[in-house]
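Step one of this worksheet: look at the structure below.
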Amino acid sequence: MDAILLQILNGLDKGSAYALIALGLTLIFGTLGVVNFAHGALFMIGAFCAVTLQRILTISYETVDDSRTDFLGNPMTVETPYVQAWFGPETGATIIDWSVPLAILFAIPIMLLVGFVMERGLIKHFYKRPHADQILVTFGLAIVLQEIIKYFYGANPIPTPAPDVFSGSFDFGVLLGFDPGAIIYPYWRLVYFVFAMAVISGVFAFLQFTTFGMVVRAGMADRETVGLLGIDIDKRFTIMFGIAAGVAGLAGVMYTPINAPNYHMGMDFLVLSFVVVVVGGMGSLPGAVLAGFLLGILESFASMTAVIDLIPGINQIIIYLVAIIVLLTRPRGLMGRKGVMEE
Amino acid sequence: MGILEVKNVNKNFGGLKALSEVNLSVKENSVHAIIGPNGAGKSTLLNCLIGKLIPDTGSVMFDGQSVLGRKPHEINQMGISRVFQTPEIFGDLTVFENVMIPIFAKRDGSFRMHAFESVAHERDIVEEAEAVLADVNMLEKRDLHAASLSRGDKRRLEMAMCLSQKPKLLLLDEPTAGMARADTNNTIDLLNQIKAKRDITMCIIEHDMHVVFSLADRITVLAQGTPLVEDTPDKIKGHPKVQEAYLGEAA
Amino acid sequence: MLDQRPFDKNANHASTAPAFLSVWGLEAYYGESYIVQDVSFNVHEGEILALLGRNGAGKTSTLRTIARLGSPELKHGEIWLDHAPLHTMKAHQAAGAGIALVPEDRRIIAGLTVEENLKLAQIAPPVGWSLERIYELFPRLGERKWQEGVTLSGGEQQMLAIARALARDIKVLLLDEPYEGLAPVIVQEIAKTLNIIREQGITTVIVEQNAVAALKLADRAVILDTGSVVYDGSAKEVLDDEKLRAEYLAI
Amino acid sequence: MLGLNTKDTWLLVIVALMTLFAPFLLNPFPANSSLAQFNAGYPDLMQRFVIFGIFAIGFNILFGLTGYLSFGHAAFLGVGSYAAVWMFKLLGYNVVPAIILSVIVGAVFALLIGFISLRRSGIYFSILTLAFAQMSFALAYSVLTPITNGETGLQVYTSDPQYFQRSGAPDIPHFFGLEMRATETLRMGGWSFDINAGYYLCAAVLLVAFYMAIRLFRSPFGMMLRAVKSNQQRLNYTGLNARPYTLAAFVISGMYAGLAGGLMASMDPLAGAERMQWTASGEVVLMTILGGAGTLIGPVLGAGFIKYFENIFSKINDGVLHGWFGFLPDGIENVLVTVVHPFVGKGWHLTLGLLFMLVVIFLPGGLVEGGQRIGKYVFRRRGRKAGGAEAEAARKQPAE
Amino acid sequence: QDSGFTNAPTGSTVTLGFNVPQTGPYADEGADELRAFELAVEHLNGEGDGGMLQTFSSDALEGGGILGKKVEYVTGDTQTKSDAARASARSMIEKDGAVMISGGSSSGVAVAVQGLCQEAGVIFMAGLTHSNDTTGKDKKANGFRHFFNAYMSAQAMAPVLEGLYGSDRKAYHLTADYTWGWTQQESIQAATEALGWETVNNVLTPLAATDFSSYIAPVLNSGADVLVLNHYGGNMVNSLTNAVQFGLKEATANGKDFQIVVPLYSELMARGAGENIAGIPGSQNWDWKIENQLGDRYKGTNAFVQSFGEKYGFPPSQAAHTCYAQTILYADAVQRAGSFNPCAVAEALEGYEFDGLGNGPTLYRASDHQCFKDVVVVRGKENPENEFDLVEIVEATPAEKVTYDPEHEMFAGGNLGECNPGA
């Protein structure tokens, strides 16, 4: 029982990540109709916003400490971050410690900008082009973005820890009357889950309670006619793209303490996020979120020893297996709309 | 017993009764027109005949066999072809290819693995396709992409595609809508020629009364999913109910 | 008589009122094919102009060019609507300036209900008729406001398309084959509606294959043939002139 | 000729000549010049060009004609390779049974996966094929190690039975005694050209594959496949069953992929699981689009393009750069090296990514389209000089 | 003049092929390898300060290239995929005429490229490969491994683990689901069980996994008190980070402090795990501080660090060290053999004993071409001074303790075969 509960919890935060990425992707893919292979790269850029802010906050001045030597035997240079010099060592350290949450503020304008530039500069020319062309161009873009990040940050993962107050885990099981240690859950993952829920509801509310969502849906079905009705759909598509990029970016920022970011993390998530979106059903935001959680939780279950012992290798393939089963039993995924990308 | 027997067909969309208790019998080698106000269920009825929709209840017999439960391509192979209300053609293919495909379907059945023959070497099919295009006056457009045709031309092309199959039953859903008068007249002539040979049954939906009255042997008037009357053209013209519900002051 | 008065794009036209919508020297291309070939005509405020011609004559292309849709591409010529230079605008700007096109295949937006289709038209200013007023004119739409727009029957879709144009405050209504596929009663109904619209002071350009119906409605007629204007004059004249009708309209 | 029209015959002849003389065409630079870096005429890369060409041609039969975008085609390539290596392990090093089995296994796999995946269309189909391929990859990498030798890749060991390996037959893949690795190096002046047996075997297979693809494109079957892409509904209402057509196309393209896999293993007897990964499936998609989906020669060009960058650009390191710019003054040399550095060597991905973008942006329709445009441009200019341009433009206008 | 073997160098130069991951997750490791290769070539050609050539026990090399031929090199990208690695190696052999291939950062790639070199008739001096198979089941006469292996790691770790955590422990293994992971797990399980540890569970994790929470979460509740992460690279960074997030480091189980063990360390990857590695034990092939800390048994280390550090500004990783050493060893063997013929080189390397390359006295065993030398056991530092100083050396396990019989069951089944000179 506790083992199952544990895996549900684990599935929830994995699911949060999947759901967030899929949400952003489905805004572009399911709604605007662009097969965006650069979506993973947006997620990755979000994560590197956090890395960059951390680097900015730790920009340091150097002093030479003659009492110590470096590995070549020369006097050691000691680095002190400017924030510590300006705000005092204590406050300075706290600011650095909080760099990941602060990075949200840092990432929002950057991601919106990235989204706008990408849409205006590139994607808008591809709305009418075949999906295949969209794949090629966005894949090319993903590679380019990835290589740029690699050029500046290297290929290794870069640790970006959460603020100290969120490090460690709390004992969830005790609350429910299980043995201590039976169900432990890291604080940051809880934060991630709450954050994901907040972003998801925000996006839903925006698209549901504003006419914006309807216009975008209409624009996707028939751009030309929407134009005939006096609506400048291009502008809205750009905004939509910005939002999608923002969602992907924030998902990336918040993910950094869970797993240290590296330049190819986007590609690692790319295929998976397409699977999630399609399993959720094209053009359906709730579908994407649902599928994200479903696959997250099932993936967690499949990694239980008992399950692996029963079906060896199941943890390797569970996502794809579920995808196949869902798509064969439900023609348009969980909640797909008819006619979206069925040709 | 007609070649097409529709019995007690019902079809609901959610709460909407698109067809209720439709009975229809089409005599072999006759031209049967179905008219009725917009939304009466005419296209829905045709959809039930070709396997695009499955009626909720009722039976559809063609040539003594039930069409229900058969796949669209099987129904076509039984001898039913349809011209759609909004042209359904192969937009990416040339006009010529558009008419060759149905001829192949007629000759080779629903699937044949002819991967190493050359289309250009299928003399008989090429000739037949040329003849069909000539019939609808589209020979000079043979190498155009079907998608770039004007609306009227698309409709003519689709007619040609269906005619090329020499079906037993030809379903025409507004074949002349959007056609210029001259072409409408040509179409009437063409259909009349076919009719004269008396080897094809035609079921035609049309709002252009000129077309209907020039062609039809019998007319069924459908309103709100139910057949209102069925009779000869002359009788229908004078029928007060039909006049009120459908023809208006024009008739 | 056409013989005496061959079309001259610089000549003064029938009415003496200043042109409201003025189209001058339009040349438009689909890719490399030259489709609209130097088309010019004027429409005066409050009048109904019938734009006629065979299939493929370029009527649709002309309307699309005026509405500033991306294809065909306007390469040369000017379009002025009430002192606004439409030829410099994009579709949505032209719509803002008061142009409304009811396209030939109606283009009801999939995935939206009838009401949403109408609401969509009222997002960008200037807003025209209220939904209540629209439902008053088209009660069928009111009944079906929750139905998905694309599942309406052909006639209902046509009403929705016109209603959608009226939902905006427009100066010129461009109608591409509004009667196509409609039952005779509905054609009459729409003709009445168009008259009502005319009384509201809305200028209309109507493209129709049902030339007689269009000419009855229209004040003036322009006839296109292979992308060029071949007649520009009074509608009544065409209707009355056997020879003109035979030559350009085959009726 | 061969039942082809003149244009296609020419295409085939050109491709035949190009493959025949590839060792020379691909080595245009003298072996010791600093540009020798750009020579691609060595056996491994030439083999790769044609093998991936075959793979892409096959993929294009499915994607280019029917529009069904499979995102799992690498799986067939992978199983083809495994089948071939198993033939080496069990029977012996003759490549013929290996190639035959790889085609059969590719077909069987494609039949299974296609039968299920083709129940859906559009993106749903793509994800189904992706899922099958990723499952195959994951299992091959781990649980199926006894069959696939996991991460290392399936190899032939001296302890393998090789029941039909005659003594005296080469201990590496051979075609009835002709070693695939056998290479004759011709030296002419500063140039050197590698004439490699394996390459010519692959090239011969490519020509057959290409010829069959032409026939297929021009056949009624090919026309039906294009009709599937254009309007599947219409096809059904015309009395044709789209499913067997698409399935047949899927299986044929699976056979091409299996064949490519078999050839790959025949040139280099190791089958790695990464061959089945989504990136590999994605690669063939990119090759096809890059070259021009739906065209005959496009996929082959796309394959060559990508493989060229992967193999040639990744090998340009700073040392090579300094070699090129060495004749310049030091300052300029260093600046140039710094500028070029991010795009070569470990930056080859960056160049490839940029090229992908440039090609789609400026040559919609791929490399073939680009070629056609250039051709047209040249043709036009010549025409204009001859005063034929107006005549041509006039012809383009609607009659009268 | 040499002839009668593949790519016999005819001119005044000889070409070596350095095949390292330049893209993909191991790109940084590959970059470090490449740096070392370049440095080695410089030293061989008599440029720079000579590095470990000064301390190397053999003095066959004089800095005038190899056998008087100037050393040139070509580079390629393995992408850490066996296919791509083989393609790249083939191009080096076929196009550039390389007589020796070195590099790589994975066992799969090493085995694949080693097989290729065997068939083609060139020498393969393996870079980073830690699987037992490379010199076990998949050993080849033309291939040589300087790096240690999973079995040796386990043998070296076992006594240290016993010292740190006692002999009454219950271990839970997470293992990367591919060849290297399995041999690593098998080795460490055998070694710890020999101490009296119990193995509670071994869970295979997909190589592609990025989040290990669902594997980590059940650990605390399983009755285990040690978690062994048989992961490398990105897997290791993530699984370790996850384990720390789940509080395993502070936890207690069975009345003892819970412990985490990472049998194979990589400094580069450790950097990615940040402060999470503090206190975690593991093993290394070499460490740049070893001569300073454990004395001049490990001479050569400082010379190399000095030379590398001056050129690049930071200390070398074990990956760099191995690649450097392999290049020098190859050159020396050629010089001693007086020929580039792979068979002559192999003969010169087989059973060769040397010193001064930073690992202390080392033997290239003839029967399987595996190097035997001391293994460094390390622990993550609690308070690292900079990003290059992440581990502290616990001890260096002497070579005898980790030497095994070539027919040991974890290595059995292979056949070195005959050396192949190619053409």
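Letters A, B, C, D and E name the chains as they come in the text, with residue numbers starting at 1 for each one.
Please note the rule applied: a residue touches a chain if its C-beta (ideal position, glycine included) is under 8 Å from a C-beta of that chain, and two chains touch if they have at least 3 such contacts.
For each chain, UniProt lists the protein as follows: A = Amino acid/amide ABC transporter membrane protein 1, HAAT family; B = Amino acid/amide ABC transporter ATP-binding protein 1, HAAT family; C = Amino acid/amide ABC transporter ATP-binding protein 2, HAAT family.
The structure presented is a predicted model; accordingly, all values stated were derived computationally and were not measured.
Of all chains in the assembly, those touching chain D and also chain E are A. At the far end from chain B, in terms of centres built from Cα atoms, lies E. Centroid distances built from C-alpha atoms place C farthest away from chain D. The interface with the greater count of contacting C-beta pairs, when B-D is set against A-C, is B-D. Between chain C and chain E the centroid-to-centroid distance comes to 77 Å (mean Cα coordinates, whole Å). Measuring from the averaged C-alpha position of chain A to that of chain E gives a distance of 35 Å. With touch defined as above, residues shared between interfaces to two or more other chains in chain E number as follows: 27, 31, 177, 204, 206, 208. Annotation for chain C: residues touching 2 or more other chains are 33. Here chain C touches chain A in the complex through residues 67, 69-70, 90-93, 95-96, 100-101, 103, 107, 109-112, 116, 119-121, 123-125, 164, 168, going by the rule given at the top. Partner chain D is touched in their complex by these residues of chain E: 22-23, 27, 30-31, 34, 38, 73-77, 81-84, 86-88, 90-92, 94-95, 106-108, 111-112, 115-116, 119-120, 133, 138, 177-180, 204, 206-208, 413, 415, 417. Considering their complex, residues 30, 33, 53-56, 60, 104-105, 140, 147, 151-156, 158, 177, 180-189, 209-211, 249-251 of chain C touch chain B.
Against chain E, the residues of chain D that register as touching in their complex are 39, 42-45, 48, 138, 141-142, 145, 150-153, 155, 157-159, 172, 181, 183, 194, 268, 270, 272, 274-275, 310-311, 314-315, 317, 319, 345-346, 348-349.
In the complex of the two chains, the chain B residues touching chain D come out as 50, 52, 71-73, 76-77, 81-82, 88-93, 97, 100-102, 104-106, 108-122, 161, 165.
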